[in-house]
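In the two complexes that follow, chain A is the common piece, with chain B as its partner first and chain C second.
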Partner chain A sequence: MTQHETTKPFDVIIIGGGATGAGTARDCSRRGLRVLLVERFDISTGATGRNHGLLHSGARYAVTDQESAEECIKENMILRKIASHCVEETDGLFLTLPEDDIQFQSKFVDACRQAGIRADVIDPKDALKMEPSANPNIIGAVRVPDGAVDPFRLTASNIMDAKLHGAEVLTYHEVTELIREQDRIVGIKVLDHKTKETKSYYSSVVVNAGGIWGHNIAKLAGVNINMLPAKGALLIFGHRVNNIVLNRCRKPADADILVPGDTICLIGTTSSKVPYEEVDNMYVTPEEVDLLLREGEKLSPQLAQTRILRAYAGVRPLVASDDDPSGRNVSRGIVLLDHATRDGLEGFVTITGGKLMTYRLMSEWTTDLVCKKLNVTVPCTTASEKLPGSRENTEEISKKIISVPLAQRNATINRHGDMADKFSENTPLDNSLICECEEVSVGEAKYALNELDVNNLVDLRRRTRVGMGTCQGELCACRAAGLMSNMKKACTKRAKADLTSFLNERWKGMAPIAWGDTLRESEYTAWIYEGVCGLTSSSKE
Partner chain B sequence: MNLQQHNISDNNFEQCIKCTVCTVYCPVAAVNPDYPGPKQAGPDGERLRLKKFNFYDESLKYCINCKRCEVACPSNVRIGDIIQAARIKYSEKKPTLRDFILANTDLVGTLSTPFAPIVNTTLGLKPVKAILDGVMKIDHRRTFPKYSFGTFEGWYKKQAAKQAAYPKQVSYFHGCYANYNNPQLGKDLVKVMNALGFGVQLLEKEKCCGVALISNGFINQAKKQAKTNIASIRKSVLEKKIPVIATSSTCTFTIRDEYPHLLDVKNDDVRDQIELATRYIYRLFSQQSAKLNFKKGEKKIKVAYHTPCHMEKLGWSYYSIELLKLIPNIELTVLDSQCCGIAGTYGFKKENYKTSQDIGASLFKQIESCDFDVVVTDCETCKWQIEMSTSKRCEHPISILANALE
Partner chain C sequence: MKFDTIIIGGGLSGLISGIRLSKQGQRCVIISSGQSALHFSSGSFDLLNTLPDGNSVNNPIEAIEELAKQAPTHPYTKLGSNKFSQLAKEAENFLKEVGISVKGDARKNHFRMTPMGTLKPTWLTLEDHMQGENADRISWKKISIFNVTGFLDFYTQFIVDELAKIGTTCTTYLINFPALEHLRKNPTEMRSVNIARVFDNQENLDEFARQIKAENGDCEIIALPAIVGLSRKDAVTYLQKEIGKPICLLPTLPPSVPGIQVQQQLRARFQEAGGVFMLGDIVIRAEKEDNRISRIYTNNHGDIPFSGKNVILATGSYFSQGLIADTERVYEPIFDLDVTFSSNREQWYDRNAFAAQPYQTFGVRTDKDFRGLYKGEAIENLYISGAILEGFNAIKEGCGAGVSILSALYVADRISSK
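This part shows the complex of A and B:
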């Protein structure tokens, strides 16, 4: 291990490559600050990549939390404009089942309207026409402007814009120490996981955007934040059952949202407290799977007959109010802590709480605070300036890349928005597929490898959906590993190790729901990799 | 224990485990790079189309609906059905006048048979073929099947009373081919059944099975005809207790499988009673002491049996082959089971001619490589393709059987 000192000072260092960190990097860099973002793994590996991908209208919170509801609907409308390539405007239905209290509906609608959320009560028959997969026994339906948002794309796009404005981004750099001078944080020490080097970086302000891991980062500064890890488990189904978001019209509870997201749909979530020590190792339990299915089938009976692809769980970074040491009074709202005023520690800011929906607002508040500390008065532009990928008409882009086969063209524009115009010069080889389920071409994978900070197969999956389809890596993983090796991104030995860890990561998500066709397919996958490709059992975990 | 243990999914495509053996067995994917192959066009594509309709790719029209993908599939995915259903649901291409003429075998047959000598001569003329090619996009290299001067139904009317006198009866779904092009096949069937002690009836009302209507996009008309046929079949099977047999493998397959799968016309109450003539006869031989008197001292003939795709899908070529083996003077060779390439009306279309002939090439080579006297097959369009593309004559097994009888 070598000690590598760098003296180049930044205005702000952001710790954490989730949506909030990426959004803060974007906002800060757009306001002219010199920005460094560090992330210990890949971008969107934490709660950002482990949620519903629901573009909340805010309706879910309207009755219980007006403030969150108002924030949601405002950010919802902003994201539709600035991140159109990450958003699908599906709308949402709040369904009342026979077992639910229909009286709740009017209370719900009133609360929505009060928060500025359009809420139309519609005839259950019309609701079923709009969304035939919904439970036919519903006794009430309200239509709201919910949608779907892809958190991987959203984060990647924020990173891209931040870099376009001069930000530096270091993934696989884990903060090991906060450099302190008297009562001020002046920089960070990081371990580069790829080279195993330790480096130091200095800045005027350090932003802790580590999500649930922000707890530990704050500890490095000797600051205590009372975080309450809340696990949320979800199931991914093999294809889209619904095209409109389905919610239960009742107080928020377990497994009451079914979201169509890209080629699949997701039911979630559960909610359970977990010890902090377990946040790095989330497994979905059989009880959670049963609960998700039991409740999910009530929203859409078809789920009982739909293949489940995976189960996964994320950890919400909930924060106990500072004035409540018992931790019972939990806020789901945005928590921005200026440690100068809170703890007498200058140059250190923590942003946490909140949700994916409000990542931009969280970033704006954080950047406002950072700017105040640095005496910068440039206004925020992130609510009006579109993200890369969402700037141009995708129909025009489609015409530009007409040589790309149709399904691939649609899929790639879906994923990359106007960035897909990079594929206009594709050769026939570039147009050959790596991932057949999700229509990811060699050209798209090359683009991701060259321009989107991809270090391994799992990173590639987050940028392109390689391995996210029904086959879960069966056909694509070895092709992608081969491509990475050919492009000198990995030596043969590393490519093989990477392939093994990718397949094991895929299996982790399948194990809790490994029955029926999913089990059959995973057995076949194991046979291909062990029998044909010669990956040995000893290289498995 | 899990909650999904009784999974009886309508989402048949989800049974696919991506083994890709369907694409390996697809005759089109092997010769036409524009066709994405059954895996991508079927289960993979279906998942994407469920996300958004614009994932429908018009290249699905290259599927010849041979169902060899379904035969190959170890996971029971109805790949061919998924592709055809997607075409029905999503295709925005309107059928052309050519498609109308090719699809309406009933109508065109009715119009042509009274003038068969003129129609046959005219369709064989080079300038006519050039016009058909240029204007209608029906390939000029294609030989048209000859129309018969007078239909099978016309001939049968004079036989009806005699047939009714037999103690045992079968209903015969003759199909357009036996009716308009080759009444002799129908007559042969009557001869064979009579020799077995069965009288042959026709259905109260028979329409074209609709296979060409389905493949050319005339779904409503196909549904209407399917309903008429099933109503007549029900009358025969359920009221008169008379089973239905057919000589065309494609008609049989369409009525049994495509009606419920693609046209949503239910047939489960009669499906088991609709079968191929060769299977029915074979079963008579195996279950009862049926006897046929064959001519004696006939010269040996070398016969090659070609398995049509829909026979492969039905799994019934065994019966035709075993029946042929009963004929004393036949030396039988079973050809490799592979698509001949015509696929009904598909091969008649100018844009498909090359694909069609490329698919059939290895079959034609195998046929020419041996000194066969005749090729035998249960499918009429395979017959046209083999006769046009090789030097051999091609006959139906029932005709071969009828010929061998005393």
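This part shows the complex of A and C:
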């Protein structure tokens, strides 16, 4: 192991490549700060990439938490403008089933309106015309401005904008130590997972945006934050059953939201406390799967006949209130901790709690605090300036890349927004498909490999959806591995190791739901990779 | 419709018992839903590569006694050591007789090349495929590997790097083949079988030969992905003659051109021997009388039943839907035969994708004669062969093709000796 010293200090180092870290990097860099973002794996690997992808209207929180509801609807409207290529304006319905209390509906509508959320009570018959997949037995329906948001794209374009404004981004760099001088944090030590080197970086402020892992990062600074990991399991279905987000009109409970996204839809979530030690190994249990299916079918009976692609779980970073050491009093709102005032430790800030919907607001608050510490007075622009990908009219882009076959063109624009104009020079070979399910071409994979910090196949999946479709990576994984080694992005040995990890990662999501066609696909995948190709787990590095 | 034997399933196992019985003068029908595991063949047939405890097998015949200790319900254990070696020998002859040229010997596994460039033990390999006697070297020091532009299911670099490790130098060539232009324009079309159709055309094959001949350096042998010879068996021989150098094929990702070729050939032999092949039909239900299957009803034939003295069930495992899993159980959908499986779903899987998966060993229970059990009792005239059988892990043990072929020959013998 070698020691690598970097002398040039940054203004701010942000730890964590989720939506909040990426958003903070964007905001700080747009305000002229010299920014370094470090992430131990790839971007959006934590809770950011493991949720519904719901563009909350805030309606869900209206009855129980007005403050969160108001934040949500404001951010909802902002994201529609600044991140249009990551957002699908589907609208949402809050359905009352015969077993639910219809009295709750008026309370719900009042609370929504009070929070500034448009909520229209509609006739259940009209609701069923709008969304034919909904349970035909509903006795009430309210329409709200919910939507769908792709958290991978959202995070990636925040990173892209941060880099355009000079930020440096290091993925696969894990913080091992916070460098302390008296009562001040002055930098970090990181382990580069690719080279196994240890490096030091210095900055005036260090921001802890590590989500649930922020608990351990704070510990490195000798600071205690009482975090309560809450596991939420979800199921992804193989096709898009609904076009409008479906919610249950009742107090928030398990499995009461069905969100459409791209070619699929998602039901979730469960909620259970888990010990902190388990947050890196979240498995979905058969009981959770059964519960999600049982409740999901109540929203849309069609789910009973729809194939499940994958089960996964994320961990919400809930924080116990500082004045309640028992940890029972949990805040679901945004928690911004200035450790100078809280713990007498300068140069260290923690941003946690909150939700994907409020990532931008969390970033703004954090950046405001960082700027205050650095005496910078530049105002925040992230609510008005559009993100890369959302800046140009997609019809214009479509004309620019007219040589790309139609289905592929639409998929590409859908995924990359105006960045799709990079594909205008595509040759027929670039148009060859790696992944038929998701229409991912050689050209798109090349773009992701060259420009979107892709280190391995799982990263590539997060940027392009390779292997996310019904086949779950049967052939496309091998094609993509081949492409990576052909592009000299990886030696063949690494490409194979990568393929092994990719398949293991996929299996983790498939095993909880491996019956019916999913088991057929799993058997087929095993035949191809272990049987025909002779891949073994020892192909790992 | 009356037959001597009704065979359900048109994959490797069903076809082999069908040919065997038809040649003995039986009137047979094969009811086939379509695709089979041959569509993703590697170009080789495995007999037994590894014991359940992970020890590798050099001589499958000698390993059967140890296998019997480790896997009491394994189809090979049911056959027993003597029958196993007799059937393995018969299988080698059988394939030759039906015109499938293979190399290999059940007394010593040889090695085939994988699409990842590694060498994997196997029993029989199609003659035109690359193979060798050793796990750590091949017979050539200089190979020229050709691929066609735009074909993504074959990556030469994997092979080049692996072979470099064992002292063989490969030079790669990419041919931009004009006749493939129309396939390349539609990005989903550049797949092995579509390319092979182009090379089934004589002019295209000649042009391919000319281009390979023009630039293959001073190699000892030329290697091609298995994208020739879909409908003409002699494609490799023809190219060799035209180019004047030995040529061998390397497996691609599915679909497998050689696998489909083998299936077509077996089907032709079956029909030549008088068998009736019903493609695209599915058995819906069956009737029983006196513990015998008396009638079988299919999708395409509605109320008209098939009846036969004997029935062979060779419908494959999950992929081919011979076995079906739902949230609670694994079952056999036609006769509801007894199936071994764990009632706790969590025990079907190992969390590590590359570990032995318990679900792989689930399957239909049989008696010693491979007759299917229903509520513990063997059905008099219902024989089971191939991947649907219980007690083995085809992938981990490398025994899938062997189980299919040997059990097919065995049940055919049981039926004809009745």
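Going forward, the second predicted complex is superposed on the first by the 536 of 541 C-alpha atoms of A that agree within 3 Å, B and C clash if a C-alpha of one lies under 4 Å from a C-alpha of the other, contacts with A are read in each partner's own complex, and residues count from 1 in each chain.
Just so we're on the same page, a contact is a pair of C-beta atoms (placed from the backbone, for glycine too) under 8 Å apart; a residue touches a chain by one contact, two chains touch by 3 or more.
Keep in mind that what you see is a predicted model, and the values were worked out from it rather than measured.
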Which partner chains sit in contact with A:H239 here, chain B, chain C, both or neither? Use first/second/both/neither.
first
Which one hits more chain A residues, chain B or chain C?
C
Let me test your reading of the model: by the given contact rule, A:Y524 touches which partner, first (chain B), second (chain C), both or neither?
both
Taking the superposition as given, does A:Y283 touch the first partner, chain B, the second, chain C, both, or neither?
second
After the superposition on A, what does A:Q305 contact: first (chain B), second (chain C), both or neither?
first
In the superposed arrangement, does A:F41 touch chain B (first), chain C (second), both or neither?
neither
Which of chain B and chain C A:F104 touches, first, second, both or neither
neither
Considering only touches as defined above, state whether A:E436 meets chain B (first), chain C (second), both or neither.
both
Which of the two partners, first being chain B and second being chain C, lies in contact with A:C533: first, second, both, or neither?
second
Just checking: does A:W515 make contact with chain B only, chain C only, both, or neither of them? Give me first, second, both or neither.
both
Counting contacts the way the document defines them, which residues of chain A are shared by the two interfaces, the one with chain B and the one with chain C?
290, 405, 436, 475, 515-516, 520, 524
Provide the residue numbers of chain B that touch chain A in the complex, in ascending order.
2-5, 7-11, 13-20, 36, 39-40, 43-48, 50-52, 54-55, 57, 59, 75
Where on chain A does chain C make contact in their complex?
283, 285-286, 290, 405, 408, 428-429, 431-434, 436, 441-442, 475, 478-479, 481-483, 485-486, 491-493, 495-496, 500, 503-504, 506-508, 511, 514-516, 519-520, 522-524, 526-528, 530-537
Residue ranges of chain C in contact with chain A within the complex:
37, 40-42, 114-118, 120, 149-150, 152-153, 155, 157-158, 161-162, 184-188, 190, 251, 253-254, 256, 317-319, 321, 324-327, 345-346, 348-349, 351-355, 357, 359-360, 394-396, 398, 400
The answer for chain A against chain B in the complex is residues 238-240, 260, 262-263, 289-290, 293-294, 297, 304-308, 405-407, 410-411, 436-437, 439, 469-471, 474-475, 513, 515-517, 520-521, 524
